[in-house]
Structures are given as structure tokens and as C-alpha cells.
Amino acid sequence: MSDSIIGAGPKRIDGQRKVTGEAPYAADHHPDNMAYGYGIFSTIARGTVTGLELDAARQSPGVIDIFHHGHFPELHRSPASMPQGNKVEETRLPFEDNHVHYEGQFVALVVADTFENARAAARKVVVSYQADDNAIANLDQGVKAHGTKKGGDNHERGDAAGSFDGAAHSIDVTYTTPVETHNPMEMHASVASWEGDRLTIYESSQGVVQQRGALSKIFGIPQEHIRVESPFIGSGFGSKLWMWPHAVAASAAARETGRPVQLVVPREQMFTTTGHRPETRQRMRLATDDSGRLVSLRHESINTTSFTDQYVETCGSVTKSLYSCPNLLVSHETTQVNRGTPTSMRAPGAAPGLFALESAIDEMAHEAGVDPLEFRLNNYADRDESQDLDFSSNHIREATQKAAEQFGWHDRNPEIGSMREGHEIIGYGMAACNWEAIKRECEARVSLRADGTAHVTCATQDIGTGTYTIVAQTVSDITGLPLEKITVRLGDTSYPAGPVSGGSWTTATTLPAVAAATREAIEELKGYATSKKGDFADVDSDSLTFENGQLTHDGQGVDYVDVLKGQRLASADGHAHTQGADDRYSYRSFGAHFVEVRWDPGISNLRVSRVVSAIDVGRVINSMTARNQVEGAIVMGLGMAHFEATDYDARNARPVNNNYAEYVVPVHADQPPEVDVILLDYPDLEFNEFGARGIGEIGITGMAAAVANAVYHATGKRIRDLPIFKEKLMENVPEVQSA
Amino acid sequence: MSDHHKGDGSGVETFDARSPSRRRFLKTMGASSLAAATAPAWAQIAQAGQQQTEPVEPRDDGAPAEGEQQIRLTVNGVEHTLNVTPNAVLLDVLRDRLMLTGTKKGCDQGQCGACTLLVNDTAINSCLSLAVSHDGDRVTTIEGLSSGDELHPVQAAFWEHDAYQCGYCTSGQIMSAVAILNDDNIGSDDASVREAMSGNICRCGAYKNILAAVQDARGRMRGAS
Amino acid sequence: MREFNYARADSTRQAVSTHGRNDQAAYLAGGTTLLDLVKIDIMRPEQVVDINRLDLGGIETLDDGRVRIGALVTNTALARDERIQRDYAVLSEALLSGATTQLRNKATTAGNVMQRVRCPYFRDGVSSCNKREPGSGCAAIEGHNRSVHAVLGTSEHCIATHPSDMCVAMAAIGATITVEGPDGRREIDFLDFHLLPNDTPEREHNLKPGELITHVTLAAPLENSRSGYLKLRDRASYQFALASSAVIVTLDGDTIVEARVALGGVGTKPWRAFDAEKALKGQQISEATFKRAAEIALQGATPYAHNAFKIPLGQQAIVRNLTTLTA
């Protein structure tokens, strides 16, 4: 394997399409005779629909049909199984009955000839409800009303409770994180068309194969009759991993009306009916011995889930193995609330979990009187104690030390509020990052074509991470073909099955399949070359090498194009089906964030001014897109730390800031002036031949804790409830009795 | 490879053209690439609307139906005669009627900037604009920026600096950047650019690279003009 | 958006006659408020009167030193006008702190004056809201009321803040709003234009049916004054004020001769703090003076469950602004 293209930073092969506006996203598709859907969404969080006044809407210009629970085809639920390939998070079908489980649930759908007409008519639909006054609005209410249910992924070793009591130093603290919403720039969208009993759907999807499987189960038609396409998506961050009700509604409406139907989920309902990161409450109990070694660690979390489905936010997933501790307990529980079903959001479990863990580690270090950096170096695990396995590759100590050095951690005056500049108090904070490395099974096809190009297909997606480009780099690396000669096609179920784009597993999963398929194609080519009519008729195919587009034997090289043309062949093709990771090792990625915050107490302004992060994700395939992933995750982590929370009215579970103005995400002006990402780039060859572990999620893990720890250093205030709004840091805020 | 086309030499095909708009766009690429005139379109963005580089055919809806009003809209240099209902929004008319889908809808309520385009050379949110109000106006969308195969320097810089991830906010970011770089009232320092670009949310968080691209494009535009 | 009739006016007279006294009609300028609210079905005009082609896009200095701003001058154009930058820095800064580049390019001076509240219970179309549906109650008072709710000028019927930055600067400067309507032309003092919610939160301003704002005329600048706008919020841009201050001061050495203070983000209307001004006039510049004035400005403020921090934050906006301007 040559090192020239793997690890380099070529610009994206799909970049031109993005900068010219040509890249087609779901709602950019306009099949002939397409109609437009517009949803009507529940305005209560719990209860039943008791009536629908449709006359005015029906008479509205251009209306074709209006669907609702009394007028919708009978469909089936998907088994919602990821191994079966039909996972959905919200199993309830749209318009299944008249029950309302959350505000912003589909209760009707207008289909009209134009978008304007569909929306205008939707406004005229009058829905009456019987609201149930017992809507559960938040985690506290849920626990109080119905208690909790056991979640999965629990872990226990040693005697965490016994070793806590009487330990030299201990803390017992509780952290909370609010609902966060993915809010990808592109609203969820489906464009569904039927030809007979065959469905084609353009979807903004992170997983076309799973969506096809789910649609097959729901509509009761063979998978081969369904094509899901998602060549470009306006990102998802987890919200587009699994199909949501709108896609079922659009598909059914298209079948019933006999016209292609486009349905876009409005921004407001991107907060309700397409998933969110659930609210969590996490109790952390830690204890150390005299020397500051952890002797007991308990991480017990509860998260909210919906009344229709069970979703577990595995907050303790990292806690099991990041630190060495003989006595450890991790538990997950859920409680039901009247919100839509939650789903994975970038670094599910780990993002809220590491806010709690890495804040608690900081608190524990202070309690034990140890520098938080030293504390971590003293306590990082050298092997995965939860699985009793070695790590395949772990450079967290080097990551921590390198980032610390570049950041200037050792120049920090540890005294609270001691570092000042002008009006501002400067705080330094750090946290570890961690994310599991996962590799799944994958298929890919590669054709070496007689026109001198290579053509790759795989039904995974490029969600903005750069998958198109790294797939091309892989083929280029093996064949020597320049990127310009390599065509990559993704995001279409007519291609060989590929993985959901999530979990940071796309790179490790897809590249080995693409590489294997490329080698298969080369083998086929060698077969042609060594056949009777071939250029190397008498040569053993094993002794042929393929380099720079040439088959070579004994110094004699023939361009592969000539091999194919000589036999009037269109292409040499390879197909591969590769398997998921083995269990010889614990495969994880590691890193550390160092954050500088500035708090201006005179105007109560907090800002993140500097971030240095060192990340150990194995080999980096494309240095430019990889760095971009971590930098972007840092921005999202900053938002998580500082601004982001979906608020619900405690009286009726109504979301109150479900728009882009009041759900505050970072804008350009919030970008810290200095963000430096160090990519360690140690190939993890136990994991796969490329040594790459994936990089999409790890950058957000630990970020909120690093900010909170820096805030503590600046202000002496330990913020255990995200987000770190200014009022939590202000003095003299009058007490108000909440009604 | 019918839909293979190049930008600065490294463009490659990643998938098939499928939508009608895209086919039409591509069909006309060959002809429009001839329009590589002496001055590239971006050097005179103020006149970009007059450049005949836009592939979309002029559209004439004929007589308006009841409830519709007729407007003339010059989009990327092509004058269209369109019949629209008063509640039709400029963004939707461009996307659904003229099939200019490069301009994106991210929130439909003026809160994200994905729909940013230029009307008479001024950057606005097209989601908060009635089409009927723009009768006689000159609109420049992302599709009107490049001159044939030649990318506008801002487009080229975005590609070069990986100033996107998913690409969905990119058209809006680029249109804002073009307007900002042509606006002497906006400072050229990083903080001023960040502030001026804050109406374009990038949820992927590619802000660092976007800033680098904008500042790089500033140099390219200065050098070329 | 539901269907509506659309008419484009070529003159103010035509606009006013097309609109008439029809309470189902609406004037359309930049559209950044109106179209937003029509899209979410909160405003449902049957007749839209587009005034964008009226000749109201100029800024002129009058003989008495006042500056007359046409209703259609965009926020961008106003912020960049040389006279405004020179004589009314507070206004230019307020405008540039509001919204975004693109929105400021569309939003007009009159439209900004007519901006409506951001209260989620107003915007959701279903919660109790006396502004939207008089007599239905105010869901915000005991609901979620952190960012876009007021502590000054609230009533038991409404606590939504007026969201404008521009208006806060104008409240400090002093201005007159000229309107034209079915009964002819009249002028309204800027501070009388926006109404406190009191018992009638559905009445937000002093316009009579069919009246159209044609101009806003700024009081002549205070000679030798310094002025500035300070806006405090969560993120660094593109957010409505949690608290803001518009301050104009003139000094004689270290003595404050004249002071004008107005607040944003904390009041149900652009909030002029006359008592705070009195506490500043004639005083030596000092942190203690500023703090006292700031306390006076927020005296009588009513905190709600989530926005109590706006009381100290509003005070900080005043103190820091004064400190910077008098440094």
C-alpha cells in the first residue's frame, strides 16, 4: 500500500457539486406530476383527536387529498430490527389511530398541486382534541408519575458501594443534560413515487438500506420493489439514521393519489417528530484512595423516552473502560414522557455521559488535591477492564500530554479566578474524549472499465464526512489511478448493501469492502490477461502485479485498458462482502480537549476563546476532511456546553423554542479564534487493514465537560446542569418562586 | 461519461444526473462553457445577472390564471415571465418552478440563511420574500455564479479549503460571502467577516474553514480584478 | 400562507386608500416580520398592500438639525448613513447588532418599528395569549419565560419584550413618527408610539386603522455627545437581546451634563429610563454613580421564574456602556 494518497488531504471529489449548488438533496427532486404534502401536527402532547374539520381545506385551491387516521391505508409496523435491516426508532405508524403521544405528531396530511396550495390548505384544517391533562413534560415528572424502567448496557465489577464507604476522598454529585436537537441544516424530506407496486423514494437518509427494509415491512412489498436514494444529505447527526413517520406518510400518500409526493418536515417539527437527544439525569459517585487512585466509580443514569418506544441513552458506555477502577457500576434506566421518540445524536451516550464523567473526574481531582491532568494520567486504564481485553491501540496518554503542551496547561495558575486580562477572567479546563470503534459488514462493487476509469458502488452514504472522497482514495491507492478517473456512487439501495452512516463506523466498514472489491476486479483482470487470448497468455496470474493502471510481469507492462480492449471487454469487476470486527481486542478511539474560556463578570458574558484537541483515531485517511470533522464536532460541543436546550412547558409538555432563532446553536461569531486539532495518526492495524477507526463523533465527547471545567476554574462555579447559561454564573439574581 | 465535467481539472463524476433540472443544467454546460469571455463573471458580480451563462431556458407562462399575477424576473441573466399566486415565495418559485434547486430551504422563516441569494446585488433571505414583490428584479443564485466551467473564486476557495461538510448551507454561505467581499462597508478582518456571516448557520460547524475560504477568496478576487 | 389579495401601491395615497380601514389588510415592506407571521398563520391578512415602490427610501437632514428617515430605508442603509454614524452612533450600532446581514438588507425602518413579539406562546397559535386572542390569558407568566420576556412594563396580561434594537436607540435619541392614514397625516412622539400591554396587550402601538408610517424623524443630535449601544445575549450574534442599553452622554470634564438611557430586551416596549438619567445628570463619572443609575433604571422590575437574571443583566448593560463611553 503506497502512502501517497491514503493520509493525504485531497479536496473532495464531490466538492464541485456542492459549491455550484448542483448536488441534489432529497427535496431538489421534481419527478413529473409531483404533488406536495404539508403536515398538520398535534397541538397537544397527550390525548386523542376527536374531530377534524376538513371542508374548508378540501375546497382550498389545488387540494388533491387529505389523509388522517380515518383516511389512510392500512399498513404494517416494521419489526424495527437493525440486524434484519428494518430498524426504525418510532415504531408507531403515522395516522395509525387517533392517539396523541407528543406535541408535533402528524395528525393529518394535505396533498395539493403546489407547495403554496398544500400549506394554505393545511392551515385551514381544524383539529379538535380531547387533551389528557396528565401530559408528562419532563424527566422529573416522569419519574414521579411512573418511575423508571431498566435500560440495557449495564455493567458491574467489584464492590462499588462497599469500596466507596470509608474511602479517603469521595464525591456524590448529580448532573443533568437537557433535550438537544440535531437540527441538521436540511429538513427531513421525502419524494416518493410509485410505478405499479414499485416505490422509489428520495430521502434525506443516513441509511438507505435500513429504510428500504422498513418500507418493505410496512408496505408489505418485496425489498426488490423499493429503491431508496440519498446521494447527498444536508447532514443528520443521527436524526436521519432511521426512517421517521413522514417517509411513510409521503409514500402512502403517493400511492393513494397516484402521483409522486414531496413531503418536507417543517423546521418546527424537526424538534418533535424526527428524534432528539433525550434529557438525562446522571448520578456520579467516585472515590479515591490517599494517593488519588480511583477505588470506586458509579455512574447511574436515567433518560427520557417516549410513550411509544424505549430508547436508552447509554451514558455510562465510556465509563466502563476509560479509567482503571476495580469497583465499578454503570446502570441505565428510562422514564416515559410525552415527547417524540428520542434517537442517537452525535456520540449517543458518550456526549452526555462524558459531560458527567469528565466533570466528575475534575471534581474528584480537586477533592483529592491533584491536578486534573495528573489525575487522569494516573487513572487512565491500560486495558479494557469491562471486557477484560487489551485495547487494540490506545494513545490517550500521548494525546493528553501533546494537547496539554500545545495548549500551555502547565502555565495555568490553578487558583480559581486567578487569571485575568482586561475585564475578563480566564479559565482553563480539560476533558478526555472517547468513542467506540465499530466495524460492520459491508458489500461493495468495483469495476475497472475499458474507458480507463474505475467505478465504485456501495449503498452507504456520504453525510458530509467525505466518504465519496476516501472511497476514491482507496481505489486510487490500490490501482494507481488518479482520483479524476474514479467514479464513486453511494446512497442508493440499487448498489451493494452498505452500512448506515453513523457510529463513526463508515470508514472502517466501507474501505475494507471497497479495497477487497478492487482486488477482486484486479484478479478478474489478471484472469483475462492470462487467458488464451490475453496479453500474458502463458503467465501464472499470481505472478502478475498491478501498479499505476498497468499489469506487469518481468518488467513488461500492459495498460489494463488495453487488456480489456484487446478482448472487447467492457470491464473487469469485483464484488466484495466483508465482515464486522472481531472480538480479539477492545477497539476504541481516544483523545483530550483543552479549553480556554473567558468570563466577563461585568456583563456576564462567557465565551470559549481557545481549544486544543488531540485525537487518536488510528490512521487518518483524508487529513483535510478528518480535521474538519473534529473541528465541527468541537463547535457542536461548544453549543452543547453553552446554548443548546429544547425547552418544554412544564404544564403541558409543549416545546417552546422549536425554531432556529430560539434554539440557540453556534454561529460564525461564536467560533473560537483558535481551534487546533492534533491528529495522532497511529494506524490501528488490528482493527482493519487501513488502521482507521472513524472520526465523526469523538470530537464532541468531553467537550462540554472541558468547557464546564474551564468555567469552574474561571468562576469557582461548578455547573452540573447544561447548558451553561449566563444566569448560572451570575451573582445577585433575584429568587423567584416558580409557580 | 456524459455527465462528467470539470472545474479546475479535478472534478469527477460521483453519481448520475437524475433530476430534470440537473439534466437540463448539464445539457447546456457545453454551450455555456463557450462563454469564458475575457472577464470572468465573478469579476463583475454586480453585472452577474446580465451574464448569459445561465443554462435555464427563459420561461413564459402566458396569460395568468385567476388568482395569479404575472411577473418578470431576471434570474442569472435570463428573463422569465411567470404567473404566481400572491402567496408564492421567491425561494419556492425558483426551486419548484424554475428548477433552480441550488438555493436551499433550511428553516423557511429567516432563521438560518440557507436560502440567501442576491436581489439586485443585495444578499437577502429568499424565504421571506414574496415572488410577486420582485417583479422586475434581477436575481442571482448560486447557479449564476460560475462562468461555464470556471468557478467563481469564492466557490473555488470553498472547495479548496473544505469549507463545508454536508454542503446544504453552502450555497447560502457562498452567496453571503460574495456579497460581503463586494461590500466595502464590511471590514476585512476575521472578526468582521465572522459577524457579517453570522446569518448563515452551518450546523456541521465548518466555520473555521469557511472563514479561511472567504479570506482566501478576498485575495483571489483582489488579485484578479 | 393562506391566500390573500396582493396590491402594489405606487403612492402613499394609493397605499392608504387600498388599505382603507380594513383590519384584514396589512402593509408589506421588507416582510421579515409580516411574512414570517403569515407563514406560521399568526397573521392572516386578506389584503396585502406592498409599499416597497413608494418614494420613502431617503434620509434627509432638516433645517432644525433633525434627521428624517423614510419608512423604507433599510436597516443596512440607515446603519451605514454617514450622518447616522457620525451623529447617532448608538443607532448605527443598535441596527448592526440586530438580526443578520441579509435580514438587515430587507428590513425597513418602519417595519422595525412595527416588529412583533417573539413570545413562543404568541407564535405557537394555540397557547393562551391575550395579544393573539384577547381574554385567553397569558401562558408566559407561569410558563417558560427566559429569553424573550420582560421584567419592566409587564402586566398580568402580557410579559413579552419588544424585540427591536433600533427602537431602543430611537427611544434614547428621541424621535417623531409620521403617519398617513384615512384621516390624513399626523405625528406621534416615538415614546408614545409603542403601548404597554396593561389590560390590552392586543393593542401594541398607537396607529389607527389604516395608518401607514411614512417617516421617523430623529431629534437633533446632542452636541458633543458620545453614544453607544451594548447588547448582551447568549451567542455572539444573531439573537434577540437578553438585555441591551442605548446610552447617550455629554460630559464637561468628569461631570455628566446630559444623559439618555434606554433599555432593550427587558421591557415590554423600548424602555426609556428617565429616572436613571436624572441620577446621572450633574454627577461625576464613577462606577458608583453608574451603578446607582442602573439600579434606579431597573427599580420596580418584576422578575419571572426564568428571567430574573435580566434585572442584574440590564444593570450591567447600563454600567458597562456608561463606563466605556466615559472612559
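When the chains are written out, they are named A, B and C in that same order, and each has its own residue count from 1.
The definition used in the following text is that a residue touches a chain if its C-beta (ideal position, glycine included) is under 8 Å from a C-beta of that chain, and two chains touch if they have at least 3 such contacts.
In this text, all values refer to a predicted model and were calculated from it rather than measured experimentally.
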Which chain maximises the distance between its CA centroid and that of subunit B?
C
Would you identify the chain whose C-alpha centroid lies closest to the centroid of all protein C-alpha atoms displayed?
A
Chain pair whose interface holds the most contacting C-beta pairs:
A-B
Please compute the C-alpha centroid of subunit A, do the same for subunit B, then give the distance between them in whole Å.
29
Can you compute the centre-to-centre distance for subunit B and subunit C, using the mean CA position of each chain? Integer Å is fine.
33
Distance between the CA centroids of subunit A and subunit C (whole Å) is 41
The positions of subunit C in contact with two or more other chains are 1-3, 39, 236-238
Give me the residue numbers in subunit B that touch at least two other chains, ranges are fine.
67, 85, 87, 89, 108-109, 194-195, 197-201
Where subunit A touches two or more other chains at once, the residues are 61, 116, 120, 661, 665-669
Note which residues of subunit B are touching subunit A in the complex, please.
1, 7, 9-16, 18-22, 25, 67, 85, 87-89, 92, 95-96, 99-109, 111-112, 114, 141-143, 145-146, 151, 155-156, 158-160, 162, 164-171, 174, 190-191, 193-195, 197-211
Residue ranges of subunit C touching subunit A (in the complex, touch as defined)
1-3, 39, 41, 118, 120-121, 124-127, 139, 141-144, 146-148, 230, 232, 234-240, 242, 303-305, 308-309, 311-313, 316-317, 319-320, 323
With touch defined as at the start, can you tell me which subunit B residues reach subunit C in the complex?
67, 69, 85-87, 89, 108-110, 113, 116, 122-125, 128-130, 132-133, 135, 176, 179-180, 185-186, 194-201
Inside the complex, what are the residues of subunit A that reach subunit B?
10-25, 27-30, 32, 61, 114-117, 120, 182-187, 229, 231-235, 237, 264, 266-267, 451, 453, 463-466, 468, 472, 483-492, 624-625, 628-629, 631-636, 659-661, 665-669, 671, 673, 675
Any idea which subunit A residues touch subunit C in the complex?
43, 60-61, 116, 119-120, 123-124, 602-605, 607, 642-643, 647-651, 654, 656-657, 661-662, 664-670, 725-727, 730-739
